[in-house]
Amino acid sequence: MTKSKNLNVGLVGTQFMGRAHANAYLKVGRFFDLPLQPVMHTAAGRDPGRTQAFADRWGWANTTTRWQDMVESDAIDLIDICTPNNLHKDIALAALEAGKHVACEKPLSATLDEAREMRDAAKKAKRSSKAQTFVWFSYRGCPALALARQLVQDGKIGQVYHVRANYLQGWGGPATPLVWRFRKEFAGSGAHGDLNAHSIDAARFVTGEEITEVSGAIEETFIKQRELPGDEGGNIRGKGGAAKKKGKVTVDDTVMFLARFKGGAAASFEATRLAIGCQNENKLEVHGEKGAIRWNFEDMNVLWYYNAQGDAETNGWQRIMVTDADHHPFAHAWWPDAHILGYEHGFINLASTMFNQIGGGKLEVPMADFEDAYQTQRVLEAATLSARNRAPVKISEVK
Amino acid sequence: MTKSKNLNVGLVGTQFMGRAHANAYLKVGRFFDLPLQPVMHTAAGRDPGRTQAFADRWGWANTTTRWQDMVESDAIDLIDICTPNNLHKDIALAALEAGKHVACEKPLSATLDEAREMRDAAKKAKRSSKAQTFVWFSYRGCPALALARQLVQDGKIGQVYHVRANYLQGWGGPATPLVWRFRKEFAGSGAHGDLNAHSIDAARFVTGEEITEVSGAIEETFIKQRELPGDEGGNIRGKGGAAKKKGKVTVDDTVMFLARFKGGAAASFEATRLAIGCQNENKLEVHGEKGAIRWNFEDMNVLWYYNAQGDAETNGWQRIMVTDADHHPFAHAWWPDAHILGYEHGFINLASTMFNQIGGGKLEVPMADFEDAYQTQRVLEAATLSARNRAPVKISEVK
Amino acid sequence: MTKSKNLNVGLVGTQFMGRAHANAYLKVGRFFDLPLQPVMHTAAGRDPGRTQAFADRWGWANTTTRWQDMVESDAIDLIDICTPNNLHKDIALAALEAGKHVACEKPLSATLDEAREMRDAAKKAKRSSKAQTFVWFSYRGCPALALARQLVQDGKIGQVYHVRANYLQGWGGPATPLVWRFRKEFAGSGAHGDLNAHSIDAARFVTGEEITEVSGAIEETFIKQRELPGDEGGNIRGKGGAAKKKGKVTVDDTVMFLARFKGGAAASFEATRLAIGCQNENKLEVHGEKGAIRWNFEDMNVLWYYNAQGDAETNGWQRIMVTDADHHPFAHAWWPDAHILGYEHGFINLASTMFNQIGGGKLEVPMADFEDAYQTQRVLEAATLSARNRAPVKISEVK
Amino acid sequence: MTKSKNLNVGLVGTQFMGRAHANAYLKVGRFFDLPLQPVMHTAAGRDPGRTQAFADRWGWANTTTRWQDMVESDAIDLIDICTPNNLHKDIALAALEAGKHVACEKPLSATLDEAREMRDAAKKAKRSSKAQTFVWFSYRGCPALALARQLVQDGKIGQVYHVRANYLQGWGGPATPLVWRFRKEFAGSGAHGDLNAHSIDAARFVTGEEITEVSGAIEETFIKQRELPGDEGGNIRGKGGAAKKKGKVTVDDTVMFLARFKGGAAASFEATRLAIGCQNENKLEVHGEKGAIRWNFEDMNVLWYYNAQGDAETNGWQRIMVTDADHHPFAHAWWPDAHILGYEHGFINLASTMFNQIGGGKLEVPMADFEDAYQTQRVLEAATLSARNRAPVKISEVK
């Protein structure tokens, strides 16, 4: 194959998200017909041995412990950032400056200031080098959410009255040690940036509307001290190996907020790691004048839809199994009806979007770019401010 | 009020079903506009003290320990039989002979011979005295099943391919003592007459088709000996008070069978008291060329419907909350949408049918009469024969 | 029977709630063993003909168009108020003054000022005449919610982290006419007093904790004008018969708010009539350190419970069918396991509480008295203030 | 790497199953630590161009149009058969004869005679060349079914009373053309071998018990003629492109049967392509003396479990999200809790079993070998005989 057909990817970060993205690069070309072929060119990580092991396992051709190497290399076309949030900005700015396409895990950054810088750099790079930016709000790649967006765009929901987004996890009980996700210097925030970021993006993505105000908010850290993890490189949630010594939790366990959308919709958001009994309940509900939709990631292949104009005798919530190759987003790439997809397929589907966008193919859904992710970051910031200032916050005042 | 407006009821039996029927008579006139007013005239039971207590509690004006008194009394218009199955026939025949309307709990009788006699007596009485007969297949009174029937009649299901009826209870584990329901002399059969009777009736009621053959069957008594109950008059399922001595179980724990309907549909039926974890899962599923329906009594207000002609993009099983006063059977009589009904409402709704039928009012669904219940009894018998003879049995050969 | 065994009830109001309460008085003595027998003595309504028809249907011995007659009558022991909210106070105060027990529909009143007056009057009457007060937060009578409370009290939930209460109805779309529930002069508020009142009570009832702050709120009236109903006496939701002329809606369509409980729990509440697709989704979720519970009225017999201490291999949300006569509140009074209850049973169960409390019997759950309902009213008021002032409101400052 | 570390795979068949297996070989080494590394060595297919395209897409190093080439090549260690059922035997026998390990799609073969030959050849090869055999009953690789088996083995179910297996698909309506799956010469049978094969295997796998008798059966072809497909190489279910001309359907649309297990359990099986509204409802239920389990592939990550010894106050079906890395089969290889798996993961998990078994690693669950799959084939045959002979059939008599 010629260079014009390949796109060489450099990946920074080899933990949970590094693995999810590597899997996406491995598979996307097998299931989708793409204008460009992903090449797993270089993997970067801090620890040389672990980085090499990761590369061997996944088939990355090269490794480095300096992400700067990839920025400096002509061979790399796209840099994909899977580091802790506090490192997103420096890598992204350098990569954009070097004319690379940049993909970045969510949330865009640990602070709004960083997000603004990234957004500005992306805008500049787009003009100067046609570099494109992508943010991995992976749930956009779930066919059911993509269909939900389509139904809104087709007018099946009408004026939106209500949005309800709950992202409920329960792994953050008192027994969980102080892994990096509980430390502000690495994570920026707790459940808020981790989970509400997804919910805000999903709500904006599905409704096609911007949030204009956070009307009230609660931010809380119920568990204020946690045992230090015995080995920080362990399981992402620090299971096993906790030492006796405790350290201070510097991020939230939960952030809840009320909000308004541009079209007037009244919304509530809740992200928590203390919803005991819930594991990964990423839920979104939208009610409008003409219809409504409901989705829960734990049953991710199903979208519930209510058509207010349905025949009254038989009307009810419809359980749509979003796996019909002829009628549902992304389904053509996979298996027969109801041979269901899982978590990782969100990433693979979005990877198809990314390669199609760079290569000039047709998009089934748009991925967020830095501008788009910056809007989500403003809402995150507004919610934090609202909780701390105990007052509503207009998004237009958060920049 | 004048006699022409009232209908005097005599009830035989004061246990579980006696109570459910008494409640129906108490309430039906409050919720439905009826051409005849139910009068709770006389309650009959074996034990005078308990019968009087029952009457006091429910408002029966008179009591007797001889059901014959009611047959002989001019005051009684309708005799309602809630005794163990082995007593149905004698009471029904006497009452019909006396020109009374007769309502009877299901199954129609303990044996097919009795059922035939009852059917014949009903036919004769209908001609001679215009006496009407009714059998309490109470689930016909669940609005969701009534709607299911309506959808079939309206052609929304089309040719029926499959019927699947499971009535799963789990109370019959080894710790349950030998109450009358485990003894053939009182009950006639076990799960078969108790539960399959409901399922067969429901399947016939909803599809509007007769069963033509039992194609194979299993009858099993897993628990062959049970402790004798300490007090037979206790809880209907004999909780508490078991003595050490054991007695023989003379009915089935489960009967499962395969069947064919007249239109060709292939069907399966299962009734059991040993479906551990299930309490009262009375389920019916029908799949046809144009659509399908699903129902589970434990969520009795909901009917699931699939419209095979629905728009492919959004098609899926529809969760119909069958409580819309303007569009759903019986719903006009009750509460606002989704202010749900319970078990007892099946009886009350059927009571409205009964009084409307006797009084010349309009029926929302038909109750089974003795002829209709005899058809169900034939299927029960065919299944028993099929299990014992280890061969298919044509219904036409079971009379 | 002697007077000491009966309790004569006077009912004010003959619409939706009048009917639900009449049904409860009719049935409670049949299913529960009570220290006092309810006597349906007098029904009061504005229209003499309709009141008489109501009394005939339900078996009220007497009627009046002046509720004052009942206050003045020595024969009446308990006055039960089912009028629009704006009339609660005058009737309650007069009845208490006359030494009657008083039961009142929720919300306690249309305004907090009225609620305070009623609370004070109840306190005074309790001392002077031993009159008792009751407020019909009917969902306390749902066995599943009563069990939820029990689990919290038994320590199975531990410290509460989260409360999530959504009461979602969808009947208030633009086509629904301007019935009294949309007019402030009759209703006081819209979804807020109608639905959030239930949710606040339920959250307080189950957790046993008081709300200390409303942290932020949204109040919205999406549909600002509605067609005048053709006949105000029609269906409670004004279906059918709408005229062309429009009038102004003077209550909310939705009120959403965030709140804190005394023990620190972070909570969200949402009440709406514009959740298209939802009919009567009254939902409550509580997550604590040791366990969690979930409930949805539309499947009211089921309580979901998660035991954080469960065996990890098999742990998961448990679907409790709350119908076990030996282990679940109120279940002893009804039918065998999973022979489910419906909406009306909440009222009947609470009626048993009321008669037991007056008669000195044992309570399965407490009903709210005026003091208790006043606490709920304060939270309602705080949420309204929070929405209007765009600021958090301490409950301690709302009196 | 040395030869001892690699295992070279030759794949025969490039359609639906060819793709599912290729994906498994691609991924299994990335997610599991294996004693042998899968090498995608050669793909074989009838059409050279399509086979090459398949190989290019999936990364097979070589292609051939003669599967005999692989049998004859020393380079190939394992031959994996994904052809229509009628070709399984010839390929398997040749491969075993050549000392290759053999993996084969289910059902083992189109006829029982072929299955017996394959079983015998496998037995012989095992002795002579240590060749191993595997059959892809892919649902054994679903963690929830693997956990179900574990619960039975741990004694949590006790004596099994009931097994209920329904595999319901609805794609076979009258509009579906005559693809190979409707033709006996290619498929051997219809829903029976396609779907009941899975259910029989799953029931045997989970209970650990053999079926001893088919007690009765129904076999039916409702749609007797179908339009010839425009292009047989299209979509596996022939969507689109139907010509006008019709041909005869020579396989069943549905087979239902009743059965007994060795321990006495009474069972029902149903496979159909005419369960309108169902897409891929592969369901299994087992009730025993001590507990029960329920599973539905469409929500494949969840196992429902009922513990009959649970605390009565809170007991109920438990929804186990089978994704806990520390406690559930296969979960350690994948993502955090409730980051759910999909259809394809069943194959990948089983591939890990296969490579572990050949390489001497530890098995999480056993795959079926030819002996095991032959037992399933006997039950398939017995059901067919029972339906045709209209009589019960002992499995011991079917050889």
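Lettered A, B, C and D in written order, each chain numbered from 1.
The rule we apply is simple: a residue touches a chain if its C-beta (ideal position, glycine included) is under 8 Å from a C-beta of that chain, and two chains touch if they have at least 3 such contacts.
Given the structure is predicted, the values throughout are model-derived calculations rather than measurements.
A.B. asks: Farthest chain from chain D, going by mean C-alpha coordinates, please.
C.D. replies: That would be chain C.
A.B. asks: As a quick test, compute the distance in whole Å between the mean CA positions of chain B and chain C.
C.D. replies: Comparing mean C-alpha positions, chain C is 35 Å from chain B.
A.B. asks: From the C-alpha centre of chain B to that of chain D, how far is it in Å?
C.D. replies: Their C-alpha centroids are separated by 42 Å.
A.B. asks: How big is the gap, in whole Å, between where the Cα atoms of chain C centre and where those of chain D centre?
C.D. replies: Those two chain centres are 54 Å apart.
A.B. asks: Going by the touch rule set out above, which residues of chain D reach two or more other chains?
C.D. replies: Those would be 317, 321, 326.
A.B. asks: Which word fits the touch map of the chains here: line, ring, star, complete or other?
C.D. replies: Topology of touching chains reads as complete, every chain touching all others.
A.B. asks: Spell out the residues on chain C that touch chain A in their complex, using ranges where they run on.
C.D. replies: Residues in contact with chain A: 161-162, 164, 166, 170, 173-174, 215-218, 220, 222, 253-254, 256-258, 260, 264, 266, 268, 270, 272, 274-278, 287-292, 306, 308, 317, 386, 390-392.
A.B. asks: Which bits of chain D are touching chain A when the two form their complex?
C.D. replies: Result: residues 16, 20, 22-23, 26-27, 29-30, 57-58, 171, 235-237, 239, 279-281, 297-301, 321, 323, 325-326, 335-345 of chain D touch chain A.
A.B. asks: What part of chain D is in contact with chain C in the complex they form?
C.D. replies: 147, 150-151, 156, 302, 305, 307, 310, 312-321, 324, 326-328
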